[in-house]
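Quick one: the structure is below, and I'll ask about it shortly.
Chain naming follows the written order as A, B, C and D, and within any one chain the residues start at number 1.
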Amino acid sequence: MPVIDKFTDDIGSVVAQIPDGATLAIGGFGYAGLPLTLCDALCEADRRDLTIVSNNIGGEDRGGGRLAREGRVRKFVGSFPIAPVFTEQLMTGRAEIELLPQGTMVERLRAAGAGIGAFYTATSVKTSLADGTYPSRYDADGHPVAFMAPKETREIDGRLMVLEYALHVDFAFVKAHRADRLGNLQFRLAARNFNPAVAMAAKVAIVETEEFVEVGDIEPDDVHLPGLFVDHVVLSEGAAR
Amino acid sequence: MSPAIGGEAAGLLAADGAGWSREGVAERARRDLRSGSFVNLGIGIPQLVADFVEPEAEIYIHSENGIIGAGPGAAEGEEDADIVDAGKRHITLVLGASTFDSALSFAIMRGGHLDYSLLGGMEVACNGDLANWAAPGRTPGVGGAMDLVQGAKEVWVLLLHRGKGGESKMRVRCELPLTGAGVTTRVYTDLGVFEPAGAAFRVIERAPGVTRALLEEATEAPLEWPEPDA
Amino acid sequence: MSPAIGGEAAGLLAADGAGWSREGVAERARRDLRSGSFVNLGIGIPQLVADFVEPEAEIYIHSENGIIGAGPGAAEGEEDADIVDAGKRHITLVLGASTFDSALSFAIMRGGHLDYSLLGGMEVACNGDLANWAAPGRTPGVGGAMDLVQGAKEVWVLLLHRGKGGESKMRVRCELPLTGAGVTTRVYTDLGVFEPAGAAFRVIERAPGVTRALLEEATEAPLEWPEPDA
Amino acid sequence: MPVIDKFTDDIGSVVAQIPDGATLAIGGFGYAGLPLTLCDALCEADRRDLTIVSNNIGGEDRGGGRLAREGRVRKFVGSFPIAPVFTEQLMTGRAEIELLPQGTMVERLRAAGAGIGAFYTATSVKTSLADGTYPSRYDADGHPVAFMAPKETREIDGRLMVLEYALHVDFAFVKAHRADRLGNLQFRLAARNFNPAVAMAAKVAIVETEEFVEVGDIEPDDVHLPGLFVDHVVLSEGAAR
């Protein structure tokens, strides 16, 4: 019996540790690298009031799209809120939004994982996402009642930039191509996308993998994310162990 | 990312056949791309540019979701679930392509490593301001638009000169929420090629059949004509 | 990185055979490492800890230059030029090792992903301050020392209790330039195990043969004794 | 004749573009990933008054060690200045130093390459490297006459941090395991280290490689640094094309 074995068949127990109201970051861009099995399990566990950090919500039927459709998302943090059901909840005061440029989102996640407290970027400077005019919450009649905080600015090297803080999350859902029991992960092509960053930013990183391999099967240079960032590994639905 | 968001607004093509089609705008912009360059093609007319890039030119296309060397769409039945572009279409990779995570992908944009970022536009102003992400009555989504206007060596906006109602998208000041302030280095429309010059658009080229009068009527912002222009 | 820099200062072992040897300090610290943990071993006594980690414990060693799963030194004639540790020695990799660039390596440290960071020390203070990088009369080099004390879940300092002249390295305040302020969570010396408790070191354990009197004499800072201790 | 061909046999011409007084970042940790061929060529081109950004200087006989020994380094920016000849120049007012924690150095290089203007980190807070007391320059008698600037601090999430700015460089010397004519690079094991970051931070990144391969020989997921970060590729001495 090895000391470290992050793999489990019991997806229910893994997902059970995520409480209502948790902050959860989800990897994936489109269906590429989207952890569908874990998102489904979370819906089946009937979790609600979630803060979801992901590039989009509702671009796909499953994943974050299902979470939104089932009304489980209290707050969305990301770049593309395109689920009509989420929009409706937003415009009737039942959900909130923090809209982020895509690159700022992933850099804030990386910063959280890398022990960087905050950073300056020119992205979003002099826009409504930085000047305190973008509504984060509406009342039941669709009137804005709260706004995203204005971002501090500073000129660096002659260029105006905004201050962006590290984005820490409680949990992350990650989709890998291959994983071993140490949690070493290998991704594949454009399915890598946000997956390393969400894992790094999370207190608890939960991975689903297409393939479960022996320790040593992934060459040292092919480990795209070392196991110390990973807490649990399950198999994607339909994948054979 | 939905193609309906973060790109261009619907527009009006010149009725009398003057000027370029959408494809013509893309083709005209492509002529100015240096061979061997690295370019990101945003949603809208910029996506059409790929069709005019012959492989021998070795123009490598960056896709924000983590690709350099994005190729044509995948043939039916040959889609790879792990190869999609920024529009989430199943595409192919060209020889010499590389794939990486989103943190590096946006480092490439913000860090100034792309030669060109081509974007659609809803409005563009002669001070270089660009608005292309939030139109009235739509759920706002920003995607990578605000990142794409920061850092690339050249930021070109490709759009139709006028909206459906004939209103000019070439403005003194953008009325829609900005994507970036002062970021645009060149503008390609169905009526010509322009450079933001502060208080006016400098006319670089008129599209075939486009008169000076038509351009002035179609452009809200002042125009600055090159010396020898009639 | 030179082993002469960024590690411990030379020290005095108890003359009468009381207390642990340098190896003994390493072995004692190793007993407190959890199996299945990730640990960075700094220069000095911490390097000796590796010798007491049996493979079955699955304790993975992080090396600042971009390795998790650093293994024993390479056999002569089997050195791989591309596998060195933070001390630039040719080492091996264990099964399940991963290699990566320095940016990720330090993200691992600063981001709090290591379970333990074990460092040598020139001076450590009861407020948790650590000085281990700049000694008088040496060219100052800092290497990864200031990074290694930030972020790891536990920061343990392994050093000899007294310097060559008998002066205490367990101080109220460090006199040498700090590596980090208030960062130390535990201290292992040849005389015992201690925890910085603000105005005093809390005594966790005395090494074999070390009397309370010897400890008090050898420690500049006040000591806080556990209730039942004689 | 391909459009993009960053490879050249003419190391002399590549190095000739580096002027006296340039700022040059060099990859490598120990001899692993150290671009020896390029450093030798720079010495042979007799360049002087260089600002060298690298983890150490003088830990090895060749590479930065040779540059220091031959008195070509006017300023060292890095974590380990261990060349006695550099120390002597420093203590007699002929060279300067900016001493950086190793992780701060690589993060500042990455920031430069990633369009991040500055960032906050807890590393070095409350130390002499942050409070303006560390000498950066001495007079001929070894008395300090200038000090590293004190670092701005800010409390973030209850933790005191220092502000660190992006570290841009004119040129970078990079050592790769494999490279193609597009400049796509693959590194090997612990030889990767600072190489990607120095390339990203540089206006002109010059690579030496152990092996020169055809476009497509490096799989998309194995490209550790895409070619758009790279300007020139030469072969390491002793490597066969």
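Note that a contact is a pair of C-beta atoms (placed from the backbone, for glycine too) under 8 Å apart; a residue touches a chain by one contact, two chains touch by 3 or more.
What you see is a predicted model; the values in this text were computed from it and never measured.
J.: Using mean CA coordinates as chain centres, what's the chain B-chain D distance in Å?
T.: So the centre of chain B lies 36 Å away from the centre of chain D.
J.: In angstrom, rounded to a whole number, how far apart do the mean CA points of chain A and chain D lie?
T.: The mean C-alpha positions of chain A and chain D differ by 34 Å.
J.: With chain centres taken as the means of their Cα atoms, state the distance from chain C to chain D in Å.
T.: The computed centroid separation for chain C versus chain D comes out at 29 Å.
J.: What residues in chain B touch two or more of the other chains?
T.: Residues 67, 93, 99-100, 103, 106, 109-110, 150-151 of chain B touch two or more partner chains.
J.: Spell out, as numbers or ranges, the residues of chain D touching 2 or more other chains.
T.: 107, 110, 114-116, 121-123, 187-189, 192, 220-221, 224
J.: So how do the chains connect up here, line, ring, star, complete, or something else (other)?
T.: Contact map by chain: other.
J.: Can you name every chain pair that touches?
T.: Taking the chains two at a time, the touching pairs are A-B, A-C, A-D, B-D, C-D.
J.: Under the touch definition given earlier, write down the residues of chain B that touch chain A in their complex.
T.: It is residues 1-2, 5, 63-67, 80-84, 88, 93, 99-103, 105-106, 109-110, 134, 139-147, 150-151, 177-181 of chain B that touch chain A.
J.: Spell out the residues on chain A that touch chain B in their complex, using ranges where they run on.
T.: Residue list for chain A touching chain B: 29-33, 55-56, 59, 79-82, 84, 87, 99-104, 106-107, 109-110, 121-129, 134, 177, 187-197, 224.
J.: Quick check: in the complex, which residue numbers of chain A touch chain C?
T.: Within the complex, chain A contacts chain C at residues 2-4, 110, 112-116, 180, 182, 184, 200, 215-216, 218, 220-221, 223, 226-229.
J.: Which residues of chain A touch chain D in the complex?
T.: Counting only chain A, the residues touching chain D are 107, 111, 114-123, 154, 156-157, 159, 161, 165-166, 187-189, 192, 220-222, 224.
J.: So in the complex, which bits of chain B are touching chain D?
T.: Touching chain D from chain B are residues 35-36, 38, 56-58, 60, 62, 67-69, 93, 95-100, 103, 106-114, 150-151.
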